[in-house]
Amino acid sequence: MADTPYKSAVIVGVGAGLSASLARSFTKAGLKVALAARRAGDLAPLAKEVGGKAFACDATKPAEIARLLADAEAAFGAIDVVVYNASYRTRGPFVDLVPAEVEKSLIVSAFAGFLVAQEAVKRMLPRKHGAVFFTGASASVKGYAQSAPFAMGKFALRGLAQSMARELQPQGIHVAHIVIDGGIRSAARPDPADKPDSLLDPDAIAQSYLQLLQQQRSAWAWEIELRPWVERF
Amino acid sequence: MADTPYKSAVIVGVGAGLSASLARSFTKAGLKVALAARRAGDLAPLAKEVGGKAFACDATKPAEIARLLADAEAAFGAIDVVVYNASYRTRGPFVDLVPAEVEKSLIVSAFAGFLVAQEAVKRMLPRKHGAVFFTGASASVKGYAQSAPFAMGKFALRGLAQSMARELQPQGIHVAHIVIDGGIRSAARPDPADKPDSLLDPDAIAQSYLQLLQQQRSAWAWEIELRPWVERF
Amino acid sequence: MADTPYKSAVIVGVGAGLSASLARSFTKAGLKVALAARRAGDLAPLAKEVGGKAFACDATKPAEIARLLADAEAAFGAIDVVVYNASYRTRGPFVDLVPAEVEKSLIVSAFAGFLVAQEAVKRMLPRKHGAVFFTGASASVKGYAQSAPFAMGKFALRGLAQSMARELQPQGIHVAHIVIDGGIRSAARPDPADKPDSLLDPDAIAQSYLQLLQQQRSAWAWEIELRPWVERF
Amino acid sequence: MADTPYKSAVIVGVGAGLSASLARSFTKAGLKVALAARRAGDLAPLAKEVGGKAFACDATKPAEIARLLADAEAAFGAIDVVVYNASYRTRGPFVDLVPAEVEKSLIVSAFAGFLVAQEAVKRMLPRKHGAVFFTGASASVKGYAQSAPFAMGKFALRGLAQSMARELQPQGIHVAHIVIDGGIRSAARPDPADKPDSLLDPDAIAQSYLQLLQQQRSAWAWEIELRPWVERF
């Protein structure tokens, strides 16, 4: 019952259980799903569950991304959806931040997002069809104290997404940036008993990604902010 | 096939054909729909088509709004969705603007939105359930030259929506502000032949309103911007 | 020692002691200052202190504004600076807000700002010289719970200022919107003893207004946010 | 005639002539000025003119920054102002961007800004006194087509500045981000004859930096946008 024009997705990064929900949601909507992370083994059960494939890929390395996309297309045909869902953060008092960790925040959260997006767009552009989605966070639009590195990485990713939207949407590629403003629920981090739905259900998030894929090009959103009903903002 | 928790909607204002698309979309999703505008007669054919009802209502008058909501609830039971889709604009060189027209822009575009929202929330709050959506425009987030009155009205409406979201979402009422950034397609204003989908299809917009109604409370959006794929921003 | 190109200012509204600081600051910088509020008597001592004049003016009434500007120009010559510093707010649970008070918030905080600005610009535009400044608040950019009316008024005023900036700056009129994000210190509301400078000193705010007047047209700011060093944001 | 509480500044980067204007402006206000760039020789005449010092420093290398700050403090005493004014950009169609150049944009425009700021703050924090300013661009708040790398770098720098402001301002360090929205005038790039002041005069920009240094802590701005009167935005 695919009610989107899309066929095959690559999801990069594991992101607090969100990738699993995305994989299930996209699969239900009729898409083939390739999952990529540095350790493919972690993804194998999920890939099996959804009838997809798991790939090992260090997204900071252009050659590995190129191989990932090539392998995914070999398996599923043209990839027309790519979700970048990886990030890295370090935090603490500003003067105590370790420069190498700060650099890694920028590289994993933003530069690798560029690398993945560029490789994807190279394949989508000749077909004038595709969607590239980026997972943002509260830190994408607000730089918190003691968290400059994550703000740097996530602000940069948002700048990438906005620039891509301006350039590529008129060429048929839907670019979206989803701001997840709150904690994501997981087995390890359930809702507090007295605060139901105070953490974002990853399935609920995935539903919004799918809704964005269902949008028609005359009315695309390039950004949406999702937060729990009780979250302060 | 209602996949939302909502039963009955009131749509206020005619808004460039958008109300018609919302009425059809909500009806298909299983909601009962009441349509309201200053002249109910204009809405009669649409009301008949969707099996809803048309009501006359001047949304700048509290008593008329109270009666509208009472009549709609008498017809359909508890109203749990209200969309405010009315606005008024005047434009021209700043020094030539007519003060009474500027005031009317503020009153119709923003104050009447407050009146409708307040009456709706009075009914929703005891049930801790409902959705109040506001239709915004490019002018909601950008004040254009020679268009101060519309900017004033639409900025104010956005301030209303954001304040309501902070206060009422934790009480179970989903508040959303949809920024329509572009022209809306209509019979009178079709897409240019060489620029397909360069105007927003009102059905595509309505789909996004419905998607917002489908969101689960752990991952609500309070705002989304919709624009054609080729629109400059 | 006027280091600005401006000669005479009208300051409308009393605004938490800010008008007094503006009057003193502008006077020191060599400007003549007219002060306007609904009750001129309240302003008489300040007018005397700074060698300016106090005028009674209800800024929601176009005729009174026209007379204010005419009287001020009769007294001081061409008025080339106008500061709109008035607002009205009501607050409380959304369902308890009194519609007439909400309307008054919009009218005083935004519509009267338009009226004053329009009358000022009518006089400035033929000279292609002038400055119109608006005093904003935290609520100009963030709609707080239980404070929708102030958000509506202040968002609207910001929309007005932004639209005017786009239209009028290329015609020689500097339009600025100053966001005061925090409480303003006064005799009645001093800094807490253990939190020095945690409230905005009105003289410090006035200094920023004067600095904006000193900006050269090749590098104008249309907006600036001021907040105490320890304020959360 | 220093009317700021500051004594000694380090300016990093050459930035379209802006550093020269900053050096002159700060010197006139009574500050000692150290200039740093990869090639110190380029700065020697300017350093001589303002009675300051020029230092060679590759701001992407922590050790060089540490030495720069140590040398500057040896020459002038405690450094209490640091301006980060360096950036790197590459542009072109998204699919043609060279990854190494994109990475360099992020590293020079944002990561090096972090390195300089951290080294500065380590010295300022024990004194609970100082100012760290960052030079932004239109791209800091708007991601343009064919310019993703600069958007990534400048968005990231803004995230850094905002996070630092939230953390460090309550500790006495004024953090500001100045958005330069337009071209900067220079000998090589004069105003078009028919469009006076349509490029930002670097002296006018420098005046705003100095005004920010003059702000009192009860009313600090963390961000200001500067653009020519005739610039579209």
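Order of writing sets the chain letters: A, B, C and D. Residues in each chain are counted from 1.
Note that in this section contacts are C-beta pairs under 8 Å (C-beta built on N, C-alpha and C of every residue); 3 or more make two chains touch, one makes a residue touch a chain.
Owing to the predicted nature of the structure, the values given are computational and were not obtained by experimental measurement.
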item: Type of chain A:chain B copy interface by residue overlap (half), same or different; value: same
item: Identified repeat of the C-D interface (over half of residue pairs identical), from A-D, B-C or A-B; value: A-B
item: Centroid-based (C-alpha) most distant chain relative to chain B; value: D
item: Separation of mean Cα positions, chain C and chain B [Å, integer]; value: 33
item: Residues within chain B bordering two or more other chains; value: 166
item: Arrangement of touching chains [line / ring / star / complete / other]; value: ring
item: Interfacial residue positions of chain C with respect to chain B in the complex; value: 62, 93-95, 97, 99, 102-103, 106-107, 110-111, 114-115, 117-118, 121-122, 125, 139, 142-149, 151-168
item: Of chain C, residues touching chain D in the complex; value: 166, 169-170, 172, 174, 185, 197-201, 204-205, 207-208, 211, 214-230, 232-233
